[in-house]
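Each chain gets a letter, A, B, C and D, in the order it is written, and its residues are counted from 1.
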Amino acid sequence: MKAILEGSHAIAEAVRLAKPEVISAYPITPQTHIVERLAEMVANGELESEYICVESEFSALSAALGASCAGSRVYSATSSQGLLFMAEVCFNVAGMRQPIVMSIANRAVSAPLSIWNDQQDSIALRDAGWIQLYAEDVQESFDLHLLAYRACEDHRVLLPAFVCFDGFIISHTYEPVDIPEEKEVQAYLPPYNPLNKLDADDPLSMGMYATPDYYMEFRYEMDRAMDRSLAVLKEAGKEFKKIFGRDYSELIESYKLEDAEVAIVALGSICGTIKDAVDEMRAEGKKVGLLKIRALRPFPAEDIKKALSGIKKVGIFEKNISIGSRMKGAVGYEVKDAINDSSVQVLSYVAGLGGRDIRIRDIKKITEEIEKGKGDCFYGIREELI
Amino acid sequence: MALRIGCASAPGQARDNKTGSWRVFKPIFDHEKCTSCGMCQLICPEGCVLTDDGKFIPDYDFCKGCGLCAYECPAKAITMETEEK
Amino acid sequence: MADKSLEMVECGHRACGGCGPALAARLILKGAGERTIICAATGCMEVFSTPYPQTAWKVPWVHSLFQNSAAVASGIEASLKRQGRDEHVICICGDGATFDIGVLCISGAFERGHNITYICYDNEAYMNTGIQRSGATPFDASTTTSPAGKNSLGNSRPKKDMPQILAAHGAPYVATCSIAYPNDIIKKVERAVNIDGPCYIQIHTPCCTGWGFDGSKTIELGKLAIETGLWVNFEIVNGKLEKVKKVKRKPVEDYLKVQKRFAHLFKPSLNTTEIAKIQAIADANAEKYGIDLKI
Amino acid sequence: MRELRIHGRGGQGSVTAAELIAVAAFKSGVFSQAFPAFGVERRGAPVQAFVRFSDEKVRLRSQVYEPDYVIVQDSSLIKDVDVFSGLKKGGIIIINTSGEISGNIPDGVRYIPIDATRLALEILGVPITNTTLMGAFAAASGEISLDALEEAVRERFSGSLADKNVAASRAAYEMVKGGV
């Protein structure tokens, strides 16, 4: 069914269709509309879940972990400070291999306090062992929630996932979205079948500590599972296409890259603006294209290398900052490593932090910078304030 | 043995760890003096006081020799002796 | 009725000989029964009972972090409810996890009214990491972060009153007990797990290593704490004090002098001023809970 | 692609207006996108909301800087905010006013003054002007049909509140159509 919904409400619909048994979340701007809508669904009987009104994000993810260990499909959502407050639990959930799916309405982190969008929150947790998917629009945000549950719960993976979408820019935007039928979703996403669970009929100790004789192997196994998730996510994407028609069989998306001389690499909603900018620049005769990264974890390095092959100038649009690093943005390093070719210029541009609006003209300016070879810098600093 | 993911483990495997080797003193149970009150079994932090045919017997595979049973035995039926190894 | 022969903690765990918490663990499960899921906090018991893969637990057991057991248990309880399952959910956490770092999660879980039993084994300091002070450390106890010295008499603050804090949350059942009275633990845990709603039990678990006494005297230490009035066993049901263990009180010196953590009150000379302050704490406990046997 | 910018004050329903216009556009078979200028504004502070209309999927995510249409919920805003900023030649600006406005309407822009407050007070009994201005927008822009607007309003509100808001939209629609 095609409907026009606010991003947050569309995501709440995806969650409703995924039928989590337990929802545990703490409100934070700009994630609030999602959890409010879910609470309303539970209150109205549209969704049969236990909704735990926790007192903090720390407890939100902790309770989600407990419910997951007890064998339930669970859901949580957060943003920014909330995610940072959960950081310790995030590492723990991944280590305990609980396939929790959590929405991240990406938002800048304090200080200074900012409720506005960038991707610092989730990118700061890139080493936590969670799959990280980034959506461009409301439809993709909806779809990736279903896809994440399917891939995460696959016994070859058993890792949790962030489904990231830009706060406000997606969460508070109304746009048309295709909401599938319940039975289609059931066919795609069977009930959760845990590998290990807390059960008096089959007792088990979970989350034990590991001496140096064992610890490394557990972390190694996590990394292997993340590597395996590349193929599992693609499989889940192919299956998604069969049932719902939209194609997520790749973890990247190329836009007008075939004959491109310049490529912009980006994650999330900015990709839409970049596509419009690419069209305008193409009309002006510039051979420019976009590489959209849908999964930061697992990082589809091989696919990125292939998609960018032959392109000599690559610029990464970074809505994050790795303070003190040479390239400034965190994603650039991984793209550069994926390309692994010193004849290719790979540069980062930190832009749009804390909700600074990015327009087509900004993308054009960044493209000019890439062409000139000036990068690994901030874009759009107001010099009069410095 | 392959790791069980999520640091999970089947129950009760601590039995593989024979803590009896920690012992310096060894409790000797005098069944003549014993009144079968069961205190030694109830309070053993190891849970290693077994019952065999109505008699209480420490499982020396696990007994750490803490002496709590001897100290608390109302009948003074348990004495601690230096472990001979 | 609880099956007292039930042994759900396996031999081979790595607790010190004479460990109060290890004894508490066995007794808790005799009271709770085998259809129990344990949610443990990081702490001494967690570490001595679960080095991978040698778990001592024979019931389902889970550990996540130091401070989140009450929240993890909330999730477990919610999941069981949704699945229509009947296991008891209990937290077993030390005083560090309970009095200090975990208060946020505990307060949240109790306010929400989850059907869980939260059990604190109180050995009155962070024993897992080498005897650092906690909010449960008694007045004047010397620990590695509140050491007695030229300018210090040990821990400068009295023990936090956690049971009253949780009673104030509206918990239907709050109880204290001690490993000195094993059957009392079994009885109280059995009662708690069968009450709907969040219940709290605080068990005094003397720690021979942390307090400085011989492991054969763990129970004696527990008894002395009660007999001097420095620990009170009581039950608060729906906010009302229902039952208190009465004693013929002994002076607090009897309890203090047998522990290294209070040695500075006796050597090089007897510190009567400080001991009088501790006696005053015992007297206040006696007054508040009416523990003195009238003869 | 056409773009609309709505100026209002916190509490006047500008964001709701943007959403309902987008819903109505969607119901009219147009791809639409609506979003607020995200902020922390409280009741009374100037706010903005945006709508984009296109025959194709809208991908652009920046705020609206060069609108085809502007709605001003309260003419007193003109003193504080450059409501004309970037308004395209051939564009339309609808301003809720009972008389003269301060500031000059840019050249080549169609200016539609409407006393939405009076209409709202008459029909709704409260000075909430968003649904009234939506009716005026439907008439002036042709982006959304009155039927689609009515449907969108009825999905959001129920009972007599819906009836009154629909009536307010219709009255403004007729007024603007009649004035053309």
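Brief remarks on what is shown
We take it that a residue touches a chain if its C-beta (ideal position, glycine included) is under 8 Å from a C-beta of that chain, and two chains touch if they have at least 3 such contacts.
Just so you know, these numbers come straight off a predicted model, no measurement behind them.
Two chain pairs, A-D and A-C, are weighed by contacting C-beta pairs, with A-C ahead.
Between subunit A and subunit D, the centres computed from C-alpha atoms are 34 Å apart.
Put simply, the C-alpha centre of subunit A and that of subunit C have 43 angstrom between them.
Measuring from the averaged C-alpha position of subunit C to that of subunit D gives a distance of 64 Å.
With centres defined as mean CA coordinates, subunit C is found 23 Å away from subunit B.
Residue positions 50, 52-53, 55, 57-59 of subunit C each touch two or more of the other chains. Multi-chain contact residues of subunit A (touching two or more other chains): 96, 203-210, 214.
Subunit B has residues 4, 7, 9-11 in contact with two or more other chains. According to the touch criterion at the top of this document, the contacting chain pairs are A-B, A-C, A-D, B-C.
By the touch rule above, subunit A contacts subunit C in their complex via residues 21-22, 24, 48-50, 52-56, 58-60, 62-72, 74, 88-89, 92, 96, 198-200, 203-211, 214. The touching residues of subunit B, when paired with subunit A in their complex, are 3-11. The residues of subunit C lying in touch with subunit A in their complex are 34-37, 39, 46-47, 50-53, 55, 57-65, 67-68, 70-83, 85, 87, 104-105, 107-109, 111-112.
For subunit C in complex with subunit B, the residues that touch the partner chain are 4, 7, 9-20, 22-23, 26, 49-50, 52-59, 179, 182-183, 214-220. Touching subunit D in their complex are the following residues of subunit A: 4, 6, 30, 115-117, 137, 166, 168-169, 172-176, 269-273, 275-276, 355, 357-360.
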